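My questions all concern the structure below.
Labels A, B and C are assigned to the chains in the order they are written; within every chain, residues are numbered from 1.
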Amino acid sequence: MKIKEQLSKRSKKEIKQAGSKIKARIVALITDFGTKDHYVGTMKAVMLSINPEIRFVDITHEIFPQNIKQAGYLLWATYKYFRAGTVFVCIVDPGVGSERRMLGVRTKDYIFLAPDNGLLNFVFATDNVLEEIELDENKFRACLPKQISYTFHGRDIFAPVAAYITKGMAISRFGKIVVPRKIKENLFVDSASSSTQACILHIDTFGNIVTNIQPSATEMLERIESVLIGDKLISSKIRYYYEAPDDVPCMLIGSSGLLEVAVKNDNAARILNVTIDSHVEVYWK
Amino acid sequence: MKIKEQLSKRSKKEIKQAGSKIKARIVALITDFGTKDHYVGTMKAVMLSINPEIRFVDITHEIFPQNIKQAGYLLWATYKYFRAGTVFVCIVDPGVGSERRMLGVRTKDYIFLAPDNGLLNFVFATDNVLEEIELDENKFRACLPKQISYTFHGRDIFAPVAAYITKGMAISRFGKIVVPRKIKENLFVDSASSSTQACILHIDTFGNIVTNIQPSATEMLERIESVLIGDKLISSKIRYYYEAPDDVPCMLIGSSGLLEVAVKNDNAARILNVTIDSHVEVYWK
Amino acid sequence: MKIKEQLSKRSKKEIKQAGSKIKARIVALITDFGTKDHYVGTMKAVMLSINPEIRFVDITHEIFPQNIKQAGYLLWATYKYFRAGTVFVCIVDPGVGSERRMLGVRTKDYIFLAPDNGLLNFVFATDNVLEEIELDENKFRACLPKQISYTFHGRDIFAPVAAYITKGMAISRFGKIVVPRKIKENLFVDSASSSTQACILHIDTFGNIVTNIQPSATEMLERIESVLIGDKLISSKIRYYYEAPDDVPCMLIGSSGLLEVAVKNDNAARILNVTIDSHVEVYWK
């Protein structure tokens, strides 16, 4: 009853409209499966067997091993650019086969499927989650293969669920409706944050270091004095990579609105000897 | 005549039905071409020029250099999940340009194109091959580019053949029909095998070591005493990765039904100092 | 007026016909964005939001960092195999955000979008460019996101432009028409070249070294005495990789008609200790 009450607070029309948008049949994938295995191809095979009209977009399959935060960031940095109706299948799942839960989440425009391990925290923290489901295999046993493996739920559970959703099935069909969670943790650091502590969310192909420091859209880098990254203090500011002086690590606002540290025509992470777990502090003016 | 007799033993209706299913227009690719070259893109370009309706699924393009057995395993682990009618283009082809033969193979649901070097052995050994063709360029010269390169038959031969097959052409159109071969070699090792010798088929992105040991579906790991891999004897058994104790290499049944060796949250191949050519033995109770 | 005069020299009918072919809705991508970031997925998301019918072909996203020449070569080696109407989005763009120009180029069959940094030189040098445009954001501001990042024009400019082109918009809609440039530099070296200097365009997944030496289609390798690559003189000639003796670096004509150096079943670049910047000379008979 409690859940029902809460649900009734939301516009049922809004929910229905969102559901009716699921027509683009785009499935976007983000996993740590790599590209040298058959895992991703097999998931696509399963989905195409159920719905041959699905269009796949690979966000990436090279999430650092078990790096749930990095996966969450990359998902957050890209998902808003997708067509309404896109279904996101997000698998970084060291707990596969154990009792860990699997989630289905619906926002106004999108549906997300992921293990319940924090991967969707950026979505919960920044978007309006209309519906949250704990997947329950017993509710859709007929949609699944006879034998479900212990180690590849991407193929045996997530892929069929995603494919049936692209055919118009509501996510509530696949599990227990729960009250959408609120994430209280501050995933981003801004000038209003009381602490100087920040962190690295991602190191990109070019070696650019993406932090969780989120300058405001109006002040940009103005209020930032300097950033300590590893044991190096960065205070030079640029707008784009090419603007940097040679060999000087600089901060800039990257394409997803977060503070990045870069070295022009070079690999900042290597030069600063930084990994995704390195320490970051930000000093505001 | 001999071939014709053998062919007549099979239901012609069965063959015809299989042929009529080729409508999904899915081409699945497995190669060792890597992803930093234009090779895969060029093959797709050629195929789309012939049939713009083709949908591609990349199984992987990162087969270890010339590792035909690994390619055969990965193909076997995924192909049954594809929609009926899928055409598999399988290219690990160190002999390209030489007199090596190229095969077209049809099972009830699928068509496979590959060089005749063992890549399809897992298919021959475990599926019912209805038709086997030796590709003969002279039979379809008009479908091919004027000049066929010596080094890129993926682009100049396999891609056009695959594309025309997705348009409904029978594989028999592309070569000489031969009697489907039987593979007598035991590709998998099970409790009925007389020898303890096994081998590694694949090391996955996570470092999990996939062997050719195939426990029966009912006995699972029960009958297995231990597995020697490199110089390490493994006897701990788990059902899923997360169940393993820390730092202990364990065996489990992987998602394709084969015995794997894994280390929880770590890279078993690196920890055990194992490559795909390392020695494996299995001791049954 | 000068431009108009020059334009009038070309058949307007030819231009119109080419434009009317843009129906295949294939977008081919070549970038140095790598595959571990969300960059490529985000560009595809943006394009699918504008035109959900687009089919993507990834040529490669692993261009060596800032290696514009390599990207130009790989584009050249593949683009002619694509269906007429394909739009190529080519991004190796160390100058992103600076005043560097962005180009739209149309040939009889294709449209190319790229930063103006030499990436399209192989196209200019070997194809008939019918139309060249300098992209001017002010001409299509309404097609772009409200805020254009300084660092990701792939997402904010190239992707929307490409998507609208697949919907039938002419490239002239997106900028200033300029007189198509002529490239005078010899990108390839042949037997008519006065100098012995050549260069490496690409090192492929297998370690094969692709040079810019372009033997004539009739003479093939006949006129070549030897090739100096790094500090090693190569004079053995083969037609295909398998034909080579073991452990002997050999030259052959690769699948794009250029002289390659290869070692059978091995990595020539590693064995010869060669990088893409290594010195090459060719000695003609």
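The rule we apply is simple: contacts are C-beta pairs under 8 Å (C-beta built on N, C-alpha and C of every residue); 3 or more make two chains touch, one makes a residue touch a chain.
Here the structure is a predicted model, which means the values were calculated and not measured.
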| item | value |
| --- | --- |
| For subunit C, the least number of touch steps when starting out from subunit B | 1 |
| Relative orientation of copies subunit A and subunit C, as a Cα rotation angle in degrees, nearest 5 | 120 |
| Fraction-based call for subunit B against subunit A, same above half, different below | different |
| Whole-Å gap separating subunit A and subunit B, where each centre is the average of the chain's CA atoms | 33 |
| Of all residues in subunit C, the ones touching two or more other chains | 35 |
| Contact footprint of subunit B on subunit C as seen in their complex | 24, 26, 28, 30, 35, 55, 57-63, 74-75, 77-78, 81-83, 86, 202, 204-206, 239-243, 252-255, 265 |
| Residues of subunit A defined as touching subunit B within the complex | 32-42, 44-46, 48-49, 52, 65-66, 94-98, 100, 149-152, 155-156 |
